[in-house]
Every structure is written in structure tokens, then in C-alpha cells.
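Listed after this line are the structures, all set down as C-alpha cells.
In the two complexes that follow, chain A is the common piece, with chain B as its partner first and chain C second.
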Partner chain A sequence: MLEGGTIMDAKMNKKELLKEITAVHFSLIDLHLYLNTHPTDQNALVSYNSLVTNARILKENYEKFYGPLSYGSYSPYPWQWINEPWPWECEANFKLCGEER
Partner chain B sequence: MWTYEKFLEYPVKIKKPNPKMATIVVAQYGGPDGELGASIRYLSQRFSMITPQAIATLNDIGTEELAHLEMVGSMVHQLLKGASIEEIEAAGASAYYVDHGRGVYPVSASGIPFNAGAFQSKGDPIVDLTENLAAEQKARATYEYLISVADDPDVIEPLKFLREREVVHYQRFGEALRIVQDHLQEPHLFIMPKTNFSK
Partner chain C sequence: MAKDKNIYTVNCPPVDTCIPQEMIIRNVRLAAAYVPYQQLCTLLSPMEALKHGTIFPELYSPYEGKDKKYKPVSKC
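Moving on, here comes the complex of A and B:
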């Protein structure tokens, strides 16, 4: 996990940033399901809310350089949503371990 | 409603085409225990579900299954992309190729197009949640069979992730069932309730 300071500092590698976003987003999905059946677990809720902030910062940073990831995000001119690659393409995804191609 | 996130829930990065693997991984796209059926099952059942916890569980797991559908579709796409006609023929994938080319189509590994007959939405909370526990187990078993015949780590990693999610979903549905049983003050016994005509 990245420190709050380094996230904001410089233009990060696109794949590295996407990897961070994917990881935080997944934690949110898993905690979301857990909280549905454990709505009074205060520790889990604290973790969830802090991850929400983290995910927002990471996504905003990515979108500033590489275009919108979801509906409701700003786009520079020209409209960036149509930019390739789409997520289902090999080249859109980061490698789990080892060096990036 | 839904919005789209322009990234996969978990990365799919398959460098080596494998048409044979494509025609069996597609089972989890459109087969009887696949992600499409799972998603439509839960998103349909939620309309008649009871208790806030169980309704949210169906809504959110049904949504996550759509992200899994996209992952499996990405796998099939990448396994077929760049495969030559010779490779497709040698892999025994000609039947799929004739019907769908290198496209992604919801079909089972044995070639049966997606069929909603593989799942239920019964309008009864206990019945639906019980079905879902079985559904998650069936999907887990399918992923284990797929992992046992796969040899490319790029294919195995996303399959392992998807298998793990079935285990988590099974746990959440178990909790939801317990909450609904408590709400209905049903005894925690594995028996069928007596109906009026059998009393």
C-alpha cells in the first residue's frame, strides 16, 4: 500500500497506479459484502470508510493523467472515455508479479 | 441502476492463445454454473427477498458476478485472440469457431447455449437462499475442474481468484440464510415445514 504523500507527488506509472486502484477496490468489494451481514461491526466499518478515501485519491490521480475510469469523472479534450485499450485486452492489465512488459 | 468501471475486478493477462482452453473456460461465461446465470439469479431473486441484510447480499453479489462475467469473457477473448486456424483445428475448437469465430458467446463447455432453466427465482426467501448455497458450491467445483486441466499460470491465477470468491459468497449466503431463518423464527433444523394439507 502506498503512503498518502507519495500518491499525490508525481505522475506514477499507469500500470502501478492501476494495480493500487484494483487492490483497494477489491478490498472495498469484500468489506461491502461482509458489512451487509455484519452491519454493527464497527472496526470493519472504520476500515471500509478509510479505504473509500484512499480509493478516491488513487482514482483521481489516475484520471488526471490517463483519462476517466468511471461515469461521473472529468475528461480532458477530446473525450477520453473511448480511449483504448479496454479492460478485456491483455495490454490493459498489469502483471501480478515480475517485471511489466 | 449501474455504472461501469473501466478496469477488471482482477487482472486477466494471458499472453499465449489456447483455443482448447477457451472452449472450456467459456463454461463459466454461459454454462449452467456460470457467472451470467449466477448474476441473473441473484438480481432476480432480490425483488422478493426479505430482511435488509439478505436483500443487500443478493444485490451486491449479483453485481459482483457481472464483474466476474467480464473477467471470464476477457479470458475467452484473450485465449482466442491471435490463434491461427491451424491451432484452432488442432485444439478441437472448430465447432466453436464455426458458430462464433473468435467472438465470445454464452455457451456451456458441451455447447449448450445459455439457458435460464439452470436456475430459479422462486419468490420464497428460504428456497432462494438455499439454492444459492448450492449454486456457489457448483461454481467452485467448476473452477476447480478448470484449474485441474489448465497449465498456463496466466490462466490459473484468475481462475483461482474466481474460485476464492465462490467460497466467500457461500459464506455470505450462509449468513444471510441464518438471518432470514431467525427473522422468520424458524427452527435451525434441516426439515421441511408442514403444509396445511399434510397436517
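Moving on, here comes the complex of A and C:
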């Protein structure tokens, strides 16, 4: 699903990384909903667990360079939580290419 | 009805092989909704899933805003 290089690149572009994290998190939510009604679907579970791993790697990678994305994450010095972008800023609300709206 | 069907066949990928079509519901009641049980078929890549609003191609059912009075989301 994700290209291996995408995850392995030590320092991806900040915005691209955030976009990838958003995409993987969204996919996790959808598979999560599916598994609630299909708890014995092993293929779906494999896909889900694989995305969990991807999400973790991507998030750790982002947080290492750009600061915590959620409460409970480590922060380098100085405290990174107050860094931009804030959720209401354009940078955090990217447009998807090919999106019509 | 025919028009609705056309909308779905135009905008949605063919998914007959992924959705059980042979289902027969007996003792149908009024004012009750019946949803076919979803089967896992193909999954979209995470980025495609985000663009489509679902990771399951069978569930992709875009709303055609041009048909209605519809205001596009303001751009950043």
C-alpha cells in the first residue's frame, strides 16, 4: 500500500508526511468500522494491522523532526507543541490533488 | 428509478462481483431498511481512500453537486 521508500525516508517533506499520516489514519478508521461488523475477517485484520504499523512509523518519523502530533508524545527541546501549523491553518488543511471541490 | 440507476452506473466502478447480488429477503416488512452484508474485496491505497472518502471501492458513491443547488467549500 505504501511504498517502502516513503516510510524509510528519514526526513520527508513535512507537509507530505502530514498528508500521508492523515491518509493512513483515515484508512484505519474505515477498516476499524468494517472490523466491528466483521471481527473474524482475517484478511481485513491483516490489512488493518499493517496500516497500524505504517501509521506508527510515519507518526514517529514526523514527531522526531516536527514535534508531537498528539498528547502523550515525546518532544525535543524546546517544547514543540506550540509549533505551527495549528489545526485551523491552511497548512494543516491541504487540498488533495485531483479534488474537485 | 431508472435515472438513479444511471447515476450509480456512471459514477461508481462496477462492483457486482464484490457485492452479493443473489440475496433474497423474505418476510419483508414495511419501513425497515435492509443492508447487504459487506464482503471484503479490494482496498484502495490510503491516499486514494482519503480522496474517495472510503477505503472500500464498493462504497464510493460521489454526490454530484452540479445537479443541485450546491456551494463549493471555500478555499484556503
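Definition applied: the second predicted complex is superposed on the first by the 92 of 101 C-alpha atoms of A that agree within 3 Å, B and C clash if a C-alpha of one lies under 4 Å from a C-alpha of the other, contacts with A are read in each partner's own complex, and residues count from 1 in each chain.
One rule holds for everything that comes next: a contact is a pair of C-beta atoms (placed from the backbone, for glycine too) under 8 Å apart; a residue touches a chain by one contact, two chains touch by 3 or more.
Note that the coordinates shown come from a computational prediction; the quantities given were computed from them, not determined experimentally.
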item	value
Which superposed partner A:Leu17 touches (first chain B, second chain C, both, neither)	neither
Touched partner set for A:Asp30, first chain B, second chain C, both or neither	both
Partner chain(s) touched by A:Pro87 [first = chain B, second = chain C, both, neither]	first
Touched partner set for A:Lys95, first chain B, second chain C, both or neither	both
First (chain B), second (chain C), both or neither touched by A:Pro68	first
Chain B/chain C common contact set on chain A	19, 22, 26, 30, 34, 37-38, 90, 93, 95-96
Chain B partner contacts - residues on chain A that touch it in the complex	18-19, 21-22, 25-26, 29-30, 32-34, 36-39, 68-72, 81, 86-90, 92-96
Chain B residues within the chain A interface of the complex	3-15, 52-53, 56-57, 60-61, 64, 70, 73-74, 77-78, 81, 157, 168-169, 172, 175-176, 179
Residues of chain A defined as touching chain C within the complex	1-2, 19-20, 22-24, 26-27, 30-31, 34, 37-38, 41, 43-44, 47, 51, 54, 90, 93, 95-96, 98-99, 101
Residue ranges of chain C touching chain A (in the complex, touch as defined)	38, 40, 43-47, 49-51, 54-56, 65, 72-73, 75-76
